Amino acid sequence: MSLFVITYVVFWLAVALYVIRLGSQQRRLQDRLLALQSQLQMPER
Amino acid sequence: MLMVTQFYWMVRKDLVSEYRARQVWPAMLMLGTLVSFLFSAQLDGVVEGRSRIVGMLVWLAIYFAGILAMHRTFAMEQEDDCWDALRLYPVTASWIYLAKFTVNFLTLATLQVVVLGLFVVFSNVPLLDHPLRMLTVALLGNVGLTSVGTLLGGVWTENRQGSTMLAFLTLPLAAPVLLAASEATRLVIDQEGGPLWWRWLSFLVVFSIVFVTAGIVLFELLIED
Amino acid sequence: MQRSDLKIVSARWLTWLVTGLLVAALGMAMRVAPMEQSMGQVQRILYIHVSVAWLGLMGFAVMGVCAMLYLLHRNMAWNRWSQAANEVGWLCSSLTLFTGSIWAHAAWGTWWTWDPRLTTSLLLWALYSSCLILRGSIQESHRSARITSSLALLGLIDLPLVIMATRWFRGIHPTSPEMEPVMHFTLLLNVIGFTLFFSLLFLRRLRQLQTDNLLRKLELEALVNHPYPPLSAAGG
Amino acid sequence: MMTGNDAIRMTGLCKAFHDIPVLRHVHLRVAVGESIAVMGENGAGKTTLLRCLAGIVRWDRGQLWLHGKPVTRSGMSSRDGSRDGASHAESCRDIGMISHACQLYPNLSLCENLLFAARMTGLPHPRKQAHAWLERIGLAGQAQWLPRRLSHGMRRRVSIARGLIHQPSILFMDEPFSGLDRQSRQWLADLLARLQRQQKSICFTTHDPRNADQCADRVLALQNGVLREIATDPNSAHEASHPLIAPRLIA
């Protein structure tokens, strides 16, 4: 019983870690997009 | 006809270079010797299943010492930008692959002679009681390892620190050859020449054909910038 | 390959559908499917194990084919496909080994045995890992793509041989054990649910890689159009 | 100038490394027997341009014809169907490429290096050719030396001989003048002039405007990935106010 539960927990933990990584990557992309937008609006010459 | 002479001169050039500079073979043979020695030392006292262990160790020693040499054949071309010049000659990539394959095959064959000899001396296993069978296994295993090693070595030409990477990248690809060759070697030691032995042999043949063909067809695709 | 093709990824309904399917599949696996006689509860690992094992193989096929397409067309879009497949496939492959190992402990009393399927999946995992390491270790994008694609393609050629070689060692891995219809249905539902779920992850990652590439291009353009210090003064 | 067929014709060639465009829509025409010099700063893409022309590097977009025959994206490539093995060999036999490095095998003697090149290109009487070339570059006495015993200038001569041994009609040279003393430069300039008289088309890169003026019919500048002609008349090059040339002349 316990072995089976542990397996499921670890399994979903691993999947969750990957999803979290995807999420943080997404946030970083959005930050870059914002930075790019502000840069394009106010170009320092 | 031109292709054949080109092939001959490419192989000859590599062998002559190696003979003069001795950059690869001594290091490779030394490594093979040391590894064989260490492996055999650990075998001392093992009574049961010796043949199985020796079968694997022989091929591991050959693999690790050999893969370094395979990387060197391409790294050598890189030295004075000779690789670019070689690609500009009217010669197809397939022939370059075949030439490098031949050089690597000869290199590995030398290593095999040394390693097999050392294992006979050090580990006291009747490896050479069936010389013809052992020769067949050694040849086919050599072709299998060399075809994979040459392909990946060519992909890695530009990379200076590639040899360590190459060793662990090739291993999963070459694993079937190592498995089959080890099993076949075990059967040679145990003097079992039955259908199982033929099965492993045929597997080695299939693997060699597949990867040599892959090399001839794909090499052009893989080395291009 | 185009961004518009991937609009479906962000569709809410799809996410909900997959989530619902997964919950149903897991519920079936954990509660509804009957307990197996000899192994007890641990047998329920089978449902996720088979699903990820299948996905691990599929992922490799996708990676290999995309690598081939990259090598033929030298289009970085294919490399992104192959990278996304590589990452998700590696995850599935790792999970296969993990769940399989626990299964083996429960069923055969050992964490690992040199069974053909186990050996095959270990080598599959090794190939995935090498490709993943390789992707990260080379800076120049096209060279990295070329070398990784070569390895993935050769791996794809190698895989049938690996399966062939390991098969000849006598194995104990069950191929198609007898199961009750409910168990069969549960397994099927799990396989479908996980396939959809990981495909969704794959597509999301793919879109991320595409966005990343687009951003990189735009950032570079912005740099060229609005260089803060004049480039000529800095460069000499 | 545009007599007969063009030796090289290139339209709209684009090449990017790492998503950074190195060549942007490069157009180039070189007539038979013409010599052009390509100038540009370090990293301007001169080497890449030559490597594209020679077919070592695969380019992203654009077309290239050598002597009116189309060349596919990569010289090694034969899968596009337009080139089979034989014609690939033919076009390679027509190109000589002398790279920035000397491209000599360090463990083969000078004679063996030239012999290898001769045999790879399928020349008849390779030994005679190799010796003739050694004679021509003044290193006949050193035929059995290994390249490392020579100075850079002498190695450069051998590498030029290696690239020319199969008598190509189109010649690409990457910075052939760099690292040479005055005497060797003069020797090379004379050689180029003689090749031009033999109706060879030459395309070389250089940093030094004087070499460009001396040896080229036309001087082109590669800047920001765009190729521009900066002086058609070699004599007027000194007055050119092109940013690539002007500062060097003042300094």
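We call the chains A, B, C and D, going by the order they appear; numbering starts again at 1 in every chain.
Convention: contacts are C-beta pairs under 8 Å (C-beta built on N, C-alpha and C of every residue); 3 or more make two chains touch, one makes a residue touch a chain.
Please read these numbers as outputs of a predicted model, since none were measured by experiment.
The innermost chain, defined by the distance from its C-alpha mean to the mean of all protein C-alpha atoms, is B. Between B-D and C-D, more contacting C-beta pairs join the chains of B-D. In this assembly, the C-alpha centroid of subunit B lies 38 Å from the C-alpha centroid of subunit D. Rounded to whole angstrom, the centroid-to-centroid distance between subunit C and subunit D, based on C-alpha atoms, equals 47 Å. The mean-CA centres of subunit A and subunit C are about 18 angstrom from one another, to the nearest whole unit. The residues of subunit D that reach two or more other chains are 58, listed in rising order. Multi-chain contact residues of subunit C, defined as those touching 2 or more other chains: 72, 142. The chain pairs satisfying the stated touch condition come to A-C, B-C, B-D, C-D. On subunit C, the positions that touch subunit D within their shared complex are 72, 74, 140-142, 213, 216-217, 220, 235.
Per the touch definition, subunit C reaches subunit A in the complex via residues 30, 40-42, 44-45, 48, 87-88, 91, 94-95, 98-99, 102, 105-106, 201, 204-205, 208, 211-212, 215, 218-219, 222, 225-226, 228.
Within the complex formed with subunit C, the subunit A residues making contact are 1, 3-4, 6-8, 10-11, 14-15, 18-19, 22, 25-26, 29, 32-33, 36, 39-40, 43-45.
Residue ranges of subunit B in contact with subunit D, taken from their complex: 2, 5-6, 9-10, 13, 16-18, 20-21, 79-82, 84-93, 220, 223-225. Interface of subunit C with subunit B (complex): residues 71-72, 123, 126-127, 130, 134, 137-138, 142-143, 146-147, 150-151, 153-155, 157-158, 161-162, 164-166, 168.
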